[in-house]
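In the two assemblies presented below, chain A is common to both, partnered first by chain B and then by chain C.
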Partner chain A sequence: MSKESRMRATVNQKLTEMGERERLKELLRAKLTECGWKDQMKAHCKEVIKDKGLEHVTVEDLLVEITPKGRALVPDSVKKELLHRIRAFLAQHAT
Partner chain B sequence: MKMEDMPLSGPDNTRLEALVHDIYSELVEDACLGLCFEVHRAVKQGCFFLDETDQESMKEFEIVDQPGVDIFGQVYNQWKNKECECPNCKRLIAASRFAPHLEKCLGMGRNSSRIANRRLASNNNMSKSESDQEDNDDLNDNDWSYGAEKKAKKRKSDKNQNSPRRSKSLKHKNGELGSSVGSEPYKYNYNPGISYETLGPDEVRSLLTTQCGVISEHTKKMCTRSQRCPQHTDEQRRAVRVFLLGPSAPSLPDGDPVGESNIFDIPDGQTLMGRLQWEDSPDISPTDSASSKASTNHSDSRRPKKKKTPSLGLNSGGGGGSLSGGSSSSQSNISLPTKKKRPKLSAPSITSIYDDLN
Partner chain C sequence: MPHLLKPNQSFLSCSNQVPRFHDAFGTSNMQRLLYFCRSWFLVWTCSRSVASCCCCSGGLLSTPGMLDMSSRASWIFAFSLASSWWTSWLSLSMLKNTAAKSCICHMCGAHLNRLHSCLHCVFFGCFTKKHIHEHAKNKRHNLAIDLLYGGIYCFVCQDYIYDKDMEQIAKEEQRKSWKLQGIGEKYTTWEPTKRELELLRHNPKRRKITTNCTIGLRGLINLGNTCFMNCIVQALTHTPLLRDFFLSDRHKCEMQSNSCLVCEMSQLFQEFYSGHRSPHIPFRLLHLVWTHARHLAGYEQQDAHEFLIAALDVLHRHCKGDTIRDDNGKKANNPNHCNCIIDQIFTGGLQSDVTCQVCHGVSTTIDPFWDISLDLPGSSTPFWPLSPGGDGSTVNGESHLSGSTTLTDCLRRFTRPEHLGSSAKIKCGGCHSYQESTKQLTMKKLPIVACFHLKRFEHSAKLRRKITTYVSFPLELDMTPFMASSKESRMNGQYQQTVDVLNNDNKYSLFAVVNHQGTLESGHYTSFIRQHKDQWFKCDDAIITKASIKDVLDSEGYLLFYHKQFLEYE
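Our next item is the complex of A and B:
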């Protein structure tokens, strides 16, 4: 376990250090905007806000409402590409 | 979620896959968080719901989807067939042509001044050259070629026909016609031409002293270009002069020593010698030209006003054979101001030459 957690820690560290994490983040954001995921999520936010009331909305409220839906709405192509890149990185730099 | 096989051992593989998915989930959550922050900030700043208004306004600005009409509900070629009345000329102009028409009608805009100037220039040139053709004899002799070359040279740039500069250049040309005309490289598009049949002998002679004079095959007119016009050779010019004025009257003022020496073998009588006098004045001395004033009359008409420097050189060189009408003319101009513009020849000097020849 600790070996695994150590390995994870190493991998995460490597991801961040080499800038791969940032690159992956930007890539994901761009792809999600491109495919309309962002607009869908914003529309969902509007509904949540209308439900909760404009004045009393907090970041946590939104996050709790949005994240599950967001995870579900990511298109398969985007998901596949991202997974592929992560695996490639691990194969190259880990182990 | 079975992905491609990785070249790893079993348990490691699954662990690695799990790791990959975990990393992926982290990234997605990160994106969601970013979105939440963005939305929350927009809500708190009050700009989140800006694109939504009340229901009535929404209906008013809905996208229109009818045929013949654009999405705003406007007919797009509504003004195509309309006609507008021009406030200047009171004509009905099509809407799409209205702006260019106004430009020309009111005389404003970039092109209208250009067109007007060009029109003025061509009109003036036409009228000027036409009037020149009537003016045969007299001091406007130079205007023949001047008119032709002016039209060709200043076709597009001639803006002010009545400027003082124009008359100044005219006077300038009286004395210096040779240099300016001779140096012109342009090909004239318009050559008024003269019909030799209508001219008297004096006029013909006067023309031939200043102009090329070669008779065109097609139009039967004499070329009005300078003595050095590139379209005709000296042979042609000489032939024309022989044809028009008699066999012994070649009047090419150009320095052509080889050709010209032949001419002096022909003299027949006093008249011919008188005619030849102008072209051959080998020794131009003030005294000679002064004394020639009395004797020479008629030969002056054929003097070319152009040639100065080249013929001067020839004069000094060859006494008998050089064409020196130009030089003689220049000299005589100095000595004989009383005559018309035609410079007088020095007769006594020439007569002496002929005495030698004879």
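Our next item is the complex of A and C:
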């Protein structure tokens, strides 16, 4: 395991233990709904289903199609805000 | 490297790969027993459910077509479900520890790669890294459950499969876990009941709301100086929460006579959203208003603000059928604790703090309000001179043409501490004598719809006139500086340097403006209504025309209606 993934695991563990991860998830959900990202994704899913046909499409198909677009469409302001929150949390709970 | 849990023998002897749960729960046998009992309860509920994977017979039993959950499988299902969600029942702190330490992949120890639990044995594996796939292939255990959303995956079908009962259980557990985490109720999409499906089938006509549609816009005939009433009706029919209440038929009338104003409002909403484009003639509404608010009867021009308050009052009184009942089915007797739709939407709490100048004791009262009446510069009451460029003057991004007053200025004046003077001494509870004091108003609780009334009509002993001073008002308003809580934090020395971007509770959007043209003796009311975001219409009795945002913001403004931007469940 690389140093980076070890650090990521530690940070994640800390966030989960203090319940902060769930709170951040909720915040992210709210922000993404607000800025219309969720609706964009929904529309894209519908397109994929239309292309592949309702009977044959699997959850994996959808995931493979929408994940890159989903990651790209997250607004910078949302990323900034989440990053700010995580930094603030880590600063507060530094061991 | 995160600690990899070693398999250990526990009180569950049906598998040989068991994470060390008793470490997380403590070694109390009582706790273990409790956990054991809860799991059996879930087994009982699960064994009554049937997962049908119709496309493959790769289930636990090879019954072609249907998938049955044997009691052993139910037990495993219950165990894994319990381990991820029900462990929180024992204690909230354990939830955090358990989630972090016990729910991890048996192959790599990660817990964030779409962790799945095998439904045949106790095994946790990543989905992303295909660890659960490997396990499924090796052991021929073809069903697994996604620990985050409760979806069930079939490795033969290579897709998630859906079972009504399982989804029901997952939904219930999710709701419980939100509650325990303090998130409370969350929005879930609407799913129709059987009755609703029936109604929809019998009534196939549908109206689609697009971004440019004009549904809900309708002119109102002037019945003789009734423009004051028409404007308020336009504002009310475009109040989103009120519209939703009436269009979903939530009023249950308990009045015997035909004179219920709420029923009439309901009718009015039906008329407005019927799609008819001809102007509506509100004669029944006018008649009911005259019946219930005598002071407004007659064909002279009335004050729109007075009409608003009178209308809200009558609606509030007639809403008795919709008030909540307590556990014994008795209605709440206290008129101040009404929970009717009018109170839910329009009632706020105004805090009045009277501070004794001698002992600095504060006496606080909170009064309900439906609107905020703001004094304007140019009236006989002196307006507190405010210098533009002072702190927070750009709070709401209003256009600050030199010398022009803004809504924020008026609000600041409204919430400033006021010396009551030696002629108005208040009896102080601390000093037990009459002392000079200061009084300050702040918002304790903000209503969902905030109505600001600019006091343009002056009826003092000396003169009756209309104040036409231009007051600029914003499209978006942040009420945070005027809250009682902000005042407290200012007094405690916590100056708000930056506006808290994460607190959305106090943000409002303009959705209706009522304007008065002319003089006190003869004038005419019109209104601007927001149909969609950035789409405004001018309502002049029977004539509805498209308006620009500039038209709206440049208008004089008499009554300003703002709606909370973010609504939360209680």
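Methods note: the second predicted complex is superposed on the first by the 84 of 95 C-alpha atoms of A that agree within 3 Å, B and C clash if a C-alpha of one lies under 4 Å from a C-alpha of the other, contacts with A are read in each partner's own complex, and residues count from 1 in each chain.
Just so it is clear, contacts are C-beta pairs under 8 Å (C-beta built on N, C-alpha and C of every residue); 3 or more make two chains touch, one makes a residue touch a chain.
A quick note: this is a predicted structure, and the numbers were derived from the prediction, not measured.
Novice: Based on the superposition on chain A, does the combination of chain B and chain C result in a clash or a fit?
Specialist: With chain A aligned, chain B runs into chain C, so clash.
Novice: State whether chain B or chain C is in contact with more residues of chain A in the superposed arrangement.
Specialist: Residues of chain A touched, chain B against chain C: more for B.
Novice: Have a look at where A:24 lands relative to chain B and chain C in the superposition and call it first, second, both or neither.
Specialist: first
Novice: Could you say whether A:58 touches chain B, chain C, both of them, or neither, answering first, second, both or neither?
Specialist: In the superposition, A:58 touches chain B and chain C alike.
Novice: In the superposed arrangement, which partner chain does A:74 touch: chain B (first), chain C (second), both, or neither?
Specialist: first
Novice: Determine, under the contact definition given at the top, whether A:16 touches first (chain B), second (chain C), both, or neither.
Specialist: second
Novice: Please indicate which partner A:6 is in contact with in the superposed arrangement: first for chain B, second for chain C, both, or neither.
Specialist: second
Novice: Kindly classify A:42 by the partners it touches after superposition: chain B alone (first), chain C alone (second), both, or neither?
Specialist: So A:42 only meets chain B here.
Novice: Considering only the touch criterion stated at the top, classify A:66 as touching first (chain B), second (chain C), both, or neither.
Specialist: First partner only.
Novice: Figure out whether A:87 sits in contact with chain B (first) or chain C (second), or with both, or with neither.
Specialist: first
Novice: Which chain A residues contact chain B in one complex and chain C in the other?
Specialist: 12, 58-59
Novice: Over in the complex, which chain A residues touch chain C? Could you list them?
Specialist: The contact residues of chain A facing chain C are 1, 6, 9, 12-13, 16-19, 22, 26-27, 58-60, 81.
Novice: Okay, in this complex, where on chain A does chain B touch?
Specialist: Residue list for chain A touching chain B: 4, 7-8, 11-12, 15, 21, 24-25, 28-29, 32, 38, 41-42, 45-46, 49, 54, 57-59, 62-63, 66-67, 70-71, 74, 79, 82-83, 86-87, 90-91, 94-95.
Novice: Can you name the residues of chain B that touch chain A in the complex?
Specialist: Touching chain A: residues 3-4, 6-8, 15-16, 19-25, 27-37, 39-40, 43, 48-49 of chain B.
Novice: Would you mind writing out the residues of chain C in touch with chain A in their complex?
Specialist: 1-2, 96-97, 99-100, 110-112, 151, 158-160, 181, 183, 501-502
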